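This is the structure I have questions about; it appears just below.
Chain naming follows the written order as A, B, C and D, and within any one chain the residues start at number 1.
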(Lines give C-alpha, C1' and ligand atoms only; values in the text may rest on other atoms or scores of the structure.)
Protein backbone atom coordinates (compact mmCIF):
# COMPACT_ATOMS: atom_id res chain seq x y z
CA UNK A 1 0.00 0.00 0.00
CA UNK A 2 1.26 3.45 -0.93
CA UNK A 3 0.41 6.33 1.37
CA UNK A 4 -1.74 8.99 -0.35
CA UNK A 5 -0.73 12.64 -0.31
CA UNK A 6 -3.36 14.21 -2.54
CA UNK A 7 -6.41 13.69 -4.71
CA UNK A 8 -8.48 15.49 -7.32
CA UNK A 9 -12.21 15.34 -7.95
CA UNK A 10 -14.24 16.75 -10.82
CA UNK A 11 -17.44 18.52 -9.94
CA UNK A 12 -20.26 20.38 -11.68
CA UNK A 13 -21.90 23.49 -10.21
CA UNK A 14 -25.45 22.75 -9.09
CA UNK A 15 -28.27 25.27 -9.32
CA UNK A 16 -28.79 25.54 -5.56
CA UNK A 17 -25.13 26.52 -5.09
CA UNK A 18 -25.49 29.70 -7.19
CA UNK A 19 -26.57 32.95 -5.56
CA UNK A 20 -28.56 35.88 -6.90
CA UNK A 21 -25.39 37.42 -8.36
CA UNK A 22 -25.22 34.39 -10.65
CA UNK A 23 -22.06 32.97 -9.05
CA UNK A 24 -21.39 30.15 -6.60
CA UNK A 25 -21.90 31.37 -3.03
CA UNK A 26 -18.57 31.60 -1.23
CA UNK A 27 -19.65 29.21 1.54
CA UNK A 28 -19.86 26.37 -0.99
CA UNK A 29 -16.12 26.33 -1.61
CA UNK A 30 -15.60 24.98 1.90
CA UNK A 31 -17.95 22.11 1.10
CA UNK A 32 -16.17 21.45 -2.19
CA UNK A 33 -12.87 21.27 -0.29
CA UNK A 34 -14.37 18.84 2.21
CA UNK A 35 -15.77 16.66 -0.59
CA UNK A 36 -12.23 16.34 -1.97
CA UNK A 37 -10.86 15.60 1.52
CA UNK A 38 -13.33 12.75 2.01
CA UNK A 39 -12.63 11.39 -1.48
CA UNK A 40 -8.92 11.40 -0.58
CA UNK A 41 -9.70 9.36 2.54
CA UNK A 42 -11.77 6.87 0.52
CA UNK A 43 -8.89 6.64 -1.98
CA UNK A 44 -6.66 5.78 0.99
CA UNK A 45 -9.05 3.01 1.98
CA UNK A 46 -10.69 4.92 4.83
CA UNK A 47 -13.87 6.69 5.79
CA UNK A 48 -13.44 9.89 7.78
CA UNK A 49 -16.66 9.12 9.67
CA UNK A 50 -17.36 5.37 9.84
CA UNK A 51 -20.44 4.18 11.74
CA UNK A 52 -18.30 2.77 14.57
CA UNK A 53 -15.84 5.63 14.76
CA UNK A 54 -13.53 5.95 17.78
CA UNK A 55 -12.10 9.30 16.68
CA UNK A 56 -13.38 12.31 14.76
CA UNK A 57 -11.72 15.13 12.84
CA UNK A 58 -13.30 18.52 13.59
CA UNK A 59 -11.95 21.56 11.79
CA UNK A 60 -9.53 23.96 13.53
CA UNK A 61 -9.30 26.50 10.73
CA UNK A 62 -10.41 26.99 7.14
CA UNK A 63 -9.75 29.72 4.58
CA UNK A 64 -10.26 30.52 0.92
CA UNK A 65 -8.98 33.15 -1.49
CA UNK A 66 -11.34 33.69 -4.41
CA UNK A 67 -9.84 34.53 -7.81
CA UNK A 68 -12.56 33.92 -10.40
CA UNK A 69 -16.25 33.05 -10.05
CA UNK A 70 -17.95 29.76 -10.89
CA UNK A 71 -21.33 29.77 -12.63
CA UNK A 72 -24.23 27.33 -13.06
CA UNK A 73 -23.23 24.05 -14.72
CA UNK A 74 -19.53 24.94 -14.84
CA UNK A 75 -17.32 21.86 -14.54
CA UNK A 76 -14.28 22.31 -12.35
CA UNK A 77 -11.60 20.37 -10.48
CA UNK A 78 -10.91 20.35 -6.77
CA UNK A 79 -7.34 19.27 -5.92
CA UNK A 80 -6.49 18.65 -2.29
CA UNK A 81 -3.03 17.92 -0.92
CA UNK A 82 -1.62 17.13 2.50
CA UNK A 83 0.70 20.03 3.28
CA UNK A 84 1.61 19.01 6.82
CA UNK A 85 0.88 16.34 9.42
CA UNK A 86 1.63 16.37 13.14
CA UNK A 87 0.82 13.86 15.86
CA UNK A 88 -2.74 15.18 16.18
CA UNK A 89 -3.40 17.39 13.14
CA UNK A 90 -3.51 17.37 9.35
CA UNK A 91 -3.20 20.50 7.24
CA UNK A 92 -4.47 20.45 3.66
CA UNK A 93 -4.10 22.89 0.81
CA UNK A 94 -6.68 23.00 -1.94
CA UNK A 95 -6.93 24.46 -5.42
CA UNK A 96 -10.02 24.87 -7.58
CA UNK A 97 -9.51 25.18 -11.31
CA UNK A 98 -11.80 25.39 -14.35
CA UNK A 99 -9.75 24.33 -17.36
CA UNK A 100 -6.65 26.54 -17.04
CA UNK A 101 -8.24 29.17 -14.85
CA UNK A 102 -7.36 29.21 -11.16
CA UNK A 103 -10.67 29.74 -9.42
CA UNK A 104 -9.73 29.66 -5.74
CA UNK A 105 -7.14 28.43 -3.26
CA UNK A 106 -7.91 27.16 0.21
CA UNK A 107 -6.47 25.67 3.36
CA UNK A 108 -7.99 23.43 6.00
CA UNK A 109 -6.56 22.18 9.29
CA UNK A 110 -8.24 19.35 11.17
CA UNK A 111 -7.51 17.83 14.58
CA UNK A 112 -8.05 14.28 15.76
CA UNK A 113 -10.37 14.02 18.79
CA UNK A 114 -11.71 11.07 20.71
CA UNK A 115 -15.40 10.50 20.10
CA UNK A 116 -17.27 11.72 23.10
CA UNK A 117 -20.73 11.40 24.50
CA UNK A 118 -23.05 14.35 23.85
CA UNK A 119 -22.25 17.22 26.18
CA UNK A 120 -18.69 16.11 26.93
CA UNK A 121 -15.88 18.35 25.69
CA UNK A 122 -13.87 17.09 22.69
CA UNK A 123 -10.33 15.98 23.56
CA UNK A 124 -7.43 16.06 21.09
CA UNK A 125 -5.68 12.70 20.73
CA UNK A 126 -2.95 11.21 18.54
CA UNK A 127 -4.06 10.21 15.06
CA UNK A 128 -4.36 6.39 15.22
CA UNK A 129 -1.44 4.66 13.48
CA UNK A 130 -3.75 2.74 11.12
CA UNK A 131 -4.95 6.10 9.80
CA UNK A 132 -1.67 8.05 9.88
CA UNK A 133 0.22 5.42 7.88
CA UNK A 134 -2.20 5.80 4.96
CA UNK A 135 -1.26 9.43 4.41
CA UNK A 136 1.93 11.26 3.50
CA UNK A 137 2.87 14.89 3.15
CA UNK A 138 3.21 15.87 -0.48
CA UNK A 139 6.85 16.55 -1.36
CA UNK B 1 -49.66 23.44 31.44
CA UNK B 2 -51.69 23.90 28.29
CA UNK B 3 -50.95 21.62 25.35
CA UNK B 4 -49.70 23.50 22.28
CA UNK B 5 -51.33 23.04 18.89
CA UNK B 6 -49.49 25.58 16.78
CA UNK B 7 -46.86 28.30 16.64
CA UNK B 8 -45.70 31.12 14.41
CA UNK B 9 -42.20 32.42 13.82
CA UNK B 10 -41.04 35.53 11.97
CA UNK B 11 -38.11 35.11 9.66
CA UNK B 12 -36.05 37.21 7.24
CA UNK B 13 -34.77 35.84 3.92
CA UNK B 14 -30.99 35.43 4.02
CA UNK B 15 -28.76 36.01 1.00
CA UNK B 16 -27.61 32.38 0.75
CA UNK B 17 -31.23 31.21 0.50
CA UNK B 18 -31.84 33.13 -2.75
CA UNK B 19 -31.08 31.50 -6.10
CA UNK B 20 -29.95 32.99 -9.39
CA UNK B 21 -33.56 33.75 -10.35
CA UNK B 22 -33.61 36.16 -7.41
CA UNK B 23 -36.11 34.12 -5.37
CA UNK B 24 -35.76 31.77 -2.40
CA UNK B 25 -34.83 28.28 -3.59
CA UNK B 26 -37.75 25.90 -3.13
CA UNK B 27 -35.74 23.55 -0.91
CA UNK B 28 -35.51 26.24 1.77
CA UNK B 29 -39.23 26.18 2.50
CA UNK B 30 -38.80 22.74 4.05
CA UNK B 31 -36.16 24.14 6.38
CA UNK B 32 -38.37 27.10 7.27
CA UNK B 33 -41.17 24.64 8.12
CA UNK B 34 -38.81 22.62 10.30
CA UNK B 35 -37.60 25.77 12.09
CA UNK B 36 -41.22 26.50 13.02
CA UNK B 37 -41.74 22.88 14.13
CA UNK B 38 -38.75 23.04 16.46
CA UNK B 39 -39.83 26.42 17.82
CA UNK B 40 -43.25 24.87 18.55
CA UNK B 41 -41.53 22.09 20.49
CA UNK B 42 -39.49 24.60 22.47
CA UNK B 43 -42.67 26.56 23.19
CA UNK B 44 -44.11 23.29 24.53
CA UNK B 45 -41.10 22.94 26.84
CA UNK B 46 -39.36 20.30 24.74
CA UNK B 47 -36.42 19.84 22.43
CA UNK B 48 -37.04 17.59 19.43
CA UNK B 49 -33.42 16.37 19.64
CA UNK B 50 -32.03 16.59 23.19
CA UNK B 51 -28.48 15.36 23.82
CA UNK B 52 -29.74 12.29 25.72
CA UNK B 53 -32.59 11.46 23.37
CA UNK B 54 -34.32 8.06 23.61
CA UNK B 55 -36.51 8.67 20.55
CA UNK B 56 -36.19 10.55 17.28
CA UNK B 57 -38.68 11.96 14.79
CA UNK B 58 -37.63 11.28 11.19
CA UNK B 59 -39.80 12.60 8.41
CA UNK B 60 -42.25 10.29 6.56
CA UNK B 61 -43.46 12.83 4.02
CA UNK B 62 -43.18 16.51 3.22
CA UNK B 63 -44.80 18.72 0.59
CA UNK B 64 -45.14 22.36 -0.42
CA UNK B 65 -47.31 24.31 -2.83
CA UNK B 66 -45.69 27.57 -3.90
CA UNK B 67 -47.93 30.58 -4.53
CA UNK B 68 -45.68 33.66 -4.54
CA UNK B 69 -41.92 34.03 -4.37
CA UNK B 70 -39.84 35.38 -1.51
CA UNK B 71 -36.91 37.71 -2.20
CA UNK B 72 -33.75 38.82 -0.38
CA UNK B 73 -34.43 40.49 2.97
CA UNK B 74 -38.20 39.87 2.82
CA UNK B 75 -39.70 39.38 6.25
CA UNK B 76 -42.30 36.65 6.46
CA UNK B 77 -44.18 34.46 8.93
CA UNK B 78 -44.14 30.69 9.19
CA UNK B 79 -47.22 29.29 10.97
CA UNK B 80 -47.23 25.62 11.85
CA UNK B 81 -50.19 23.69 13.26
CA UNK B 82 -50.74 20.14 14.41
CA UNK B 83 -53.37 18.76 12.04
CA UNK B 84 -53.37 15.18 13.32
CA UNK B 85 -51.68 12.94 15.88
CA UNK B 86 -51.70 9.16 16.13
CA UNK B 87 -49.95 6.81 18.52
CA UNK B 88 -46.70 7.04 16.53
CA UNK B 89 -47.04 10.00 14.16
CA UNK B 90 -47.66 13.74 14.05
CA UNK B 91 -48.92 15.55 10.97
CA UNK B 92 -48.37 19.29 10.65
CA UNK B 93 -49.73 21.85 8.24
CA UNK B 94 -47.77 25.02 7.56
CA UNK B 95 -48.47 28.38 5.96
CA UNK B 96 -45.96 31.03 4.92
CA UNK B 97 -47.22 34.59 4.58
CA UNK B 98 -45.63 37.96 3.84
CA UNK B 99 -48.00 40.62 5.17
CA UNK B 100 -51.31 39.60 3.62
CA UNK B 101 -49.83 37.56 0.79
CA UNK B 102 -50.01 33.78 1.05
CA UNK B 103 -46.57 32.64 -0.04
CA UNK B 104 -46.77 28.86 0.31
CA UNK B 105 -48.58 26.04 2.10
CA UNK B 106 -46.92 22.84 3.31
CA UNK B 107 -47.46 19.59 5.15
CA UNK B 108 -45.08 17.44 7.15
CA UNK B 109 -45.61 14.03 8.73
CA UNK B 110 -43.11 12.68 11.26
CA UNK B 111 -42.89 9.31 13.00
CA UNK B 112 -41.49 8.48 16.42
CA UNK B 113 -38.64 5.94 16.33
CA UNK B 114 -36.45 4.52 19.03
CA UNK B 115 -32.90 5.84 18.87
CA UNK B 116 -30.74 3.14 17.43
CA UNK B 117 -27.08 2.43 17.17
CA UNK B 118 -25.46 3.28 13.84
CA UNK B 119 -26.31 0.66 11.24
CA UNK B 120 -29.41 -0.66 13.01
CA UNK B 121 -32.76 -0.10 11.28
CA UNK B 122 -35.05 2.54 12.78
CA UNK B 123 -38.11 1.13 14.57
CA UNK B 124 -41.40 3.02 14.97
CA UNK B 125 -42.55 3.29 18.58
CA UNK B 126 -45.32 5.06 20.48
CA UNK B 127 -44.73 8.73 21.15
CA UNK B 128 -43.72 8.89 24.83
CA UNK B 129 -46.57 10.17 27.03
CA UNK B 130 -44.45 13.04 28.39
CA UNK B 131 -44.14 14.32 24.84
CA UNK B 132 -47.63 13.51 23.54
CA UNK B 133 -49.37 15.32 26.41
CA UNK B 134 -47.66 18.58 25.49
CA UNK B 135 -49.34 18.73 22.10
CA UNK B 136 -52.92 18.90 20.89
CA UNK B 137 -54.55 18.83 17.49
CA UNK B 138 -55.74 22.27 16.46
CA UNK B 139 -59.53 22.41 16.45
CA UNK C 1 -33.21 13.92 -32.22
CA UNK C 2 -35.27 11.78 -29.86
CA UNK C 3 -37.27 13.54 -27.18
CA UNK C 4 -36.19 12.62 -23.64
CA UNK C 5 -38.71 11.41 -21.08
CA UNK C 6 -36.47 10.49 -18.17
CA UNK C 7 -32.95 10.26 -16.80
CA UNK C 8 -31.02 8.69 -13.96
CA UNK C 9 -28.01 10.01 -12.08
CA UNK C 10 -25.78 8.28 -9.54
CA UNK C 11 -24.88 10.25 -6.45
CA UNK C 12 -22.91 9.78 -3.24
CA UNK C 13 -24.06 11.18 0.10
CA UNK C 14 -21.80 14.03 1.21
CA UNK C 15 -20.93 14.69 4.85
CA UNK C 16 -22.67 18.08 4.98
CA UNK C 17 -25.95 16.49 3.86
CA UNK C 18 -26.15 14.24 6.94
CA UNK C 19 -27.85 15.49 10.10
CA UNK C 20 -27.19 14.73 13.76
CA UNK C 21 -29.40 11.61 13.56
CA UNK C 22 -26.83 10.22 11.11
CA UNK C 23 -29.18 10.31 8.10
CA UNK C 24 -29.54 12.64 5.13
CA UNK C 25 -31.66 15.65 6.09
CA UNK C 26 -35.05 15.51 4.36
CA UNK C 27 -34.55 18.87 2.64
CA UNK C 28 -31.71 17.42 0.59
CA UNK C 29 -33.97 15.05 -1.35
CA UNK C 30 -35.50 18.05 -3.10
CA UNK C 31 -32.03 19.12 -4.23
CA UNK C 32 -31.22 15.59 -5.40
CA UNK C 33 -34.44 15.62 -7.45
CA UNK C 34 -33.51 18.98 -8.97
CA UNK C 35 -30.01 17.72 -9.82
CA UNK C 36 -31.61 14.89 -11.79
CA UNK C 37 -34.01 17.32 -13.49
CA UNK C 38 -31.15 19.53 -14.66
CA UNK C 39 -29.16 16.50 -15.82
CA UNK C 40 -32.23 15.45 -17.85
CA UNK C 41 -32.30 18.89 -19.46
CA UNK C 42 -28.60 18.70 -20.31
CA UNK C 43 -29.18 15.23 -21.76
CA UNK C 44 -31.88 16.81 -23.93
CA UNK C 45 -29.35 19.40 -25.15
CA UNK C 46 -30.64 22.21 -22.96
CA UNK C 47 -29.77 24.23 -19.88
CA UNK C 48 -32.68 25.06 -17.58
CA UNK C 49 -31.02 28.39 -16.74
CA UNK C 50 -28.80 29.64 -19.57
CA UNK C 51 -27.05 33.01 -19.16
CA UNK C 52 -29.33 34.65 -21.74
CA UNK C 53 -32.55 33.04 -20.60
CA UNK C 54 -35.90 34.40 -21.84
CA UNK C 55 -37.95 32.07 -19.64
CA UNK C 56 -37.54 30.46 -16.23
CA UNK C 57 -39.08 27.43 -14.52
CA UNK C 58 -40.03 28.16 -10.91
CA UNK C 59 -41.53 25.35 -8.85
CA UNK C 60 -45.30 25.16 -8.26
CA UNK C 61 -45.24 22.15 -5.94
CA UNK C 62 -42.85 19.55 -4.60
CA UNK C 63 -43.31 16.50 -2.39
CA UNK C 64 -41.43 13.48 -1.07
CA UNK C 65 -42.37 10.27 0.72
CA UNK C 66 -39.45 8.84 2.69
CA UNK C 67 -39.14 5.05 2.94
CA UNK C 68 -35.57 4.30 4.09
CA UNK C 69 -32.76 6.59 5.24
CA UNK C 70 -29.52 7.39 3.42
CA UNK C 71 -26.25 7.55 5.36
CA UNK C 72 -22.81 9.12 4.85
CA UNK C 73 -21.03 7.89 1.72
CA UNK C 74 -24.00 5.80 0.54
CA UNK C 75 -24.20 5.59 -3.24
CA UNK C 76 -27.69 5.88 -4.65
CA UNK C 77 -29.58 6.55 -7.87
CA UNK C 78 -31.99 9.36 -8.62
CA UNK C 79 -34.40 8.55 -11.47
CA UNK C 80 -36.58 11.33 -12.80
CA UNK C 81 -39.36 10.95 -15.36
CA UNK C 82 -41.73 13.32 -17.09
CA UNK C 83 -45.19 12.24 -15.92
CA UNK C 84 -47.17 15.02 -17.59
CA UNK C 85 -46.71 18.12 -19.74
CA UNK C 86 -49.17 20.90 -20.47
CA UNK C 87 -48.81 24.12 -22.43
CA UNK C 88 -47.13 25.86 -19.49
CA UNK C 89 -46.17 23.16 -16.99
CA UNK C 90 -44.09 20.00 -16.57
CA UNK C 91 -44.75 17.42 -13.88
CA UNK C 92 -41.97 15.02 -12.90
CA UNK C 93 -41.95 11.92 -10.75
CA UNK C 94 -38.76 10.83 -9.05
CA UNK C 95 -37.49 7.71 -7.33
CA UNK C 96 -34.40 7.31 -5.18
CA UNK C 97 -32.96 3.84 -4.80
CA UNK C 98 -29.87 2.34 -3.15
CA UNK C 99 -29.22 -1.01 -4.80
CA UNK C 100 -32.63 -2.72 -4.58
CA UNK C 101 -33.94 -0.60 -1.74
CA UNK C 102 -36.50 2.08 -2.54
CA UNK C 103 -35.36 5.07 -0.52
CA UNK C 104 -37.91 7.74 -1.44
CA UNK C 105 -40.41 8.83 -4.09
CA UNK C 106 -41.07 12.40 -5.10
CA UNK C 107 -42.98 14.68 -7.41
CA UNK C 108 -42.19 18.12 -8.78
CA UNK C 109 -44.30 20.47 -10.89
CA UNK C 110 -42.71 23.46 -12.61
CA UNK C 111 -44.25 26.29 -14.60
CA UNK C 112 -42.76 28.29 -17.44
CA UNK C 113 -42.58 32.04 -16.76
CA UNK C 114 -41.20 34.93 -18.73
CA UNK C 115 -38.02 36.33 -17.23
CA UNK C 116 -38.87 39.53 -15.51
CA UNK C 117 -37.02 42.48 -14.13
CA UNK C 118 -36.49 42.49 -10.38
CA UNK C 119 -39.68 43.49 -8.58
CA UNK C 120 -42.02 42.62 -11.45
CA UNK C 121 -44.43 39.72 -10.88
CA UNK C 122 -43.66 36.45 -12.70
CA UNK C 123 -46.05 35.66 -15.58
CA UNK C 124 -46.82 32.14 -16.78
CA UNK C 125 -46.22 31.66 -20.51
CA UNK C 126 -46.25 28.77 -22.97
CA UNK C 127 -43.16 26.57 -22.90
CA UNK C 128 -41.18 27.63 -26.01
CA UNK C 129 -41.49 25.07 -28.82
CA UNK C 130 -37.71 24.58 -29.01
CA UNK C 131 -37.81 23.39 -25.41
CA UNK C 132 -41.09 21.45 -25.47
CA UNK C 133 -40.10 19.36 -28.50
CA UNK C 134 -37.05 17.99 -26.63
CA UNK C 135 -39.21 16.32 -23.99
CA UNK C 136 -41.86 13.62 -24.02
CA UNK C 137 -44.14 12.12 -21.39
CA UNK C 138 -42.95 8.68 -20.38
CA UNK C 139 -45.38 6.03 -21.61
CA UNK D 1 -26.31 60.12 10.49
CA UNK D 2 -23.48 58.33 12.22
CA UNK D 3 -21.36 55.94 10.20
CA UNK D 4 -21.57 52.34 11.44
CA UNK D 5 -18.44 50.36 12.22
CA UNK D 6 -19.87 47.16 13.63
CA UNK D 7 -22.96 45.20 14.59
CA UNK D 8 -23.99 42.15 16.58
CA UNK D 9 -26.77 39.69 15.92
CA UNK D 10 -28.12 36.91 18.13
CA UNK D 11 -28.78 33.60 16.47
CA UNK D 12 -29.97 30.12 17.40
CA UNK D 13 -28.47 26.95 15.91
CA UNK D 14 -30.96 25.25 13.57
CA UNK D 15 -31.22 21.49 13.20
CA UNK D 16 -30.13 21.45 9.55
CA UNK D 17 -26.89 23.25 10.46
CA UNK D 18 -25.70 20.41 12.72
CA UNK D 19 -23.70 17.53 11.28
CA UNK D 20 -23.50 13.88 12.29
CA UNK D 21 -20.85 14.68 14.90
CA UNK D 22 -23.52 16.71 16.68
CA UNK D 23 -21.85 20.08 16.05
CA UNK D 24 -22.48 22.90 13.59
CA UNK D 25 -20.81 22.15 10.26
CA UNK D 26 -17.85 24.45 9.72
CA UNK D 27 -19.26 25.83 6.45
CA UNK D 28 -22.14 27.42 8.34
CA UNK D 29 -19.89 29.90 10.18
CA UNK D 30 -19.30 31.69 6.89
CA UNK D 31 -23.05 32.10 6.47
CA UNK D 32 -23.41 33.34 10.04
CA UNK D 33 -20.70 35.93 9.34
CA UNK D 34 -22.50 37.04 6.18
CA UNK D 35 -25.81 37.31 8.05
CA UNK D 36 -24.13 39.73 10.46
CA UNK D 37 -22.57 41.65 7.57
CA UNK D 38 -25.96 42.14 5.90
CA UNK D 39 -27.56 43.13 9.21
CA UNK D 40 -24.80 45.74 9.61
CA UNK D 41 -25.65 47.11 6.16
CA UNK D 42 -29.34 47.29 7.04
CA UNK D 43 -28.43 49.05 10.29
CA UNK D 44 -26.53 51.56 8.13
CA UNK D 45 -29.68 52.12 6.05
CA UNK D 46 -28.51 50.03 3.09
CA UNK D 47 -29.12 46.71 1.39
CA UNK D 48 -26.03 44.94 0.09
CA UNK D 49 -28.08 43.59 -2.84
CA UNK D 50 -30.99 45.87 -3.72
CA UNK D 51 -33.20 44.93 -6.68
CA UNK D 52 -31.80 47.77 -8.81
CA UNK D 53 -28.19 47.35 -7.79
CA UNK D 54 -25.44 49.08 -9.79
CA UNK D 55 -22.61 47.45 -7.84
CA UNK D 56 -22.06 44.13 -6.10
CA UNK D 57 -19.71 42.93 -3.35
CA UNK D 58 -18.24 39.51 -4.13
CA UNK D 59 -15.91 37.96 -1.60
CA UNK D 60 -12.11 38.07 -2.10
CA UNK D 61 -11.18 35.98 0.92
CA UNK D 62 -12.78 34.40 3.97
CA UNK D 63 -11.36 32.52 6.94
CA UNK D 64 -12.36 31.09 10.31
CA UNK D 65 -10.54 29.71 13.33
CA UNK D 66 -12.71 27.35 15.35
CA UNK D 67 -12.28 27.31 19.14
CA UNK D 68 -15.36 25.57 20.59
CA UNK D 69 -18.26 23.80 18.92
CA UNK D 70 -21.87 24.93 18.69
CA UNK D 71 -24.70 22.43 19.20
CA UNK D 72 -28.40 22.20 18.32
CA UNK D 73 -30.50 25.04 19.75
CA UNK D 74 -27.47 26.87 21.21
CA UNK D 75 -27.97 30.62 21.25
CA UNK D 76 -24.93 32.62 20.27
CA UNK D 77 -23.83 36.07 19.16
CA UNK D 78 -22.15 37.06 15.92
CA UNK D 79 -20.23 40.35 16.16
CA UNK D 80 -18.89 41.86 12.96
CA UNK D 81 -16.62 44.90 12.72
CA UNK D 82 -15.09 46.86 9.90
CA UNK D 83 -11.34 46.42 10.32
CA UNK D 84 -10.25 48.23 7.17
CA UNK D 85 -11.66 50.04 4.14
CA UNK D 86 -9.93 51.03 0.94
CA UNK D 87 -11.25 52.68 -2.21
CA UNK D 88 -12.61 49.37 -3.51
CA UNK D 89 -12.57 46.92 -0.60
CA UNK D 90 -13.92 46.36 2.90
CA UNK D 91 -12.32 43.99 5.39
CA UNK D 92 -14.39 42.69 8.31
CA UNK D 93 -13.42 40.78 11.43
CA UNK D 94 -15.98 38.60 13.16
CA UNK D 95 -16.31 36.91 16.53
CA UNK D 96 -18.80 34.24 17.57
CA UNK D 97 -19.49 33.86 21.27
CA UNK D 98 -21.88 31.79 23.38
CA UNK D 99 -22.21 33.52 26.72
CA UNK D 100 -18.59 34.04 27.75
CA UNK D 101 -17.14 31.33 25.51
CA UNK D 102 -15.31 32.40 22.38
CA UNK D 103 -16.58 30.01 19.72
CA UNK D 104 -14.79 31.19 16.58
CA UNK D 105 -13.09 34.16 14.97
CA UNK D 106 -13.29 35.03 11.30
CA UNK D 107 -12.29 37.51 8.63
CA UNK D 108 -13.94 38.47 5.37
CA UNK D 109 -12.74 40.78 2.60
CA UNK D 110 -15.13 41.98 -0.09
CA UNK D 111 -14.54 44.03 -3.22
CA UNK D 112 -16.88 46.42 -4.99
CA UNK D 113 -17.58 45.46 -8.62
CA UNK D 114 -19.83 46.97 -11.24
CA UNK D 115 -22.87 44.82 -11.97
CA UNK D 116 -22.30 43.10 -15.24
CA UNK D 117 -24.36 41.20 -17.75
CA UNK D 118 -24.17 37.42 -17.50
CA UNK D 119 -20.92 36.17 -19.02
CA UNK D 120 -19.06 39.45 -18.70
CA UNK D 121 -16.09 39.52 -16.31
CA UNK D 122 -16.56 41.37 -13.03
CA UNK D 123 -14.67 44.69 -12.80
CA UNK D 124 -13.53 46.24 -9.52
CA UNK D 125 -14.72 49.82 -9.06
CA UNK D 126 -14.65 52.43 -6.30
CA UNK D 127 -17.21 51.95 -3.55
CA UNK D 128 -19.92 54.57 -4.30
CA UNK D 129 -19.69 57.56 -1.95
CA UNK D 130 -23.29 57.09 -0.75
CA UNK D 131 -22.28 53.66 0.51
CA UNK D 132 -18.77 54.45 1.79
CA UNK D 133 -19.93 57.36 3.93
CA UNK D 134 -22.25 55.07 5.90
CA UNK D 135 -19.38 52.98 7.22
CA UNK D 136 -16.34 53.67 9.36
CA UNK D 137 -13.39 51.62 10.46
CA UNK D 138 -13.72 50.62 14.11
CA UNK D 139 -11.14 52.45 16.21
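The rule we apply is simple: a residue touches a chain if its C-beta (ideal position, glycine included) is under 8 Å from a C-beta of that chain, and two chains touch if they have at least 3 such contacts.
These numbers come from a predicted model, not from an experiment.
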Rotation angle (°) superposing Cα atoms of chain A on chain B, nearest 5: 180
Chain whose average C-alpha position is farthest from chain D's own: C
Centre distance in Å when chain A and chain B are each reduced to the mean of their C-alpha atoms: 32
Chain A and chain C: spacing of chain centres that average the CA atoms, whole Å: 28
Interchain centroid distance [CA atoms averaged], chain A/chain D, Å: 23
Residue numbers of chain D (touch at least two other chains): 15-16, 20-22, 27, 31, 34, 49, 51, 71-72, 118
Residue ranges of chain C in contact with chain D within the complex: 15-16, 18-22, 25, 27, 51-52, 72, 118-119
Chain A-facing residues of chain D, complex: 20-23, 26-28, 30-31, 34, 49, 56, 58-66, 69, 71, 118, 122
Touching residues (chain side chain C, partner chain A) in the complex: 14-16, 22, 31, 34-35, 38, 42, 47-49, 51, 71-73
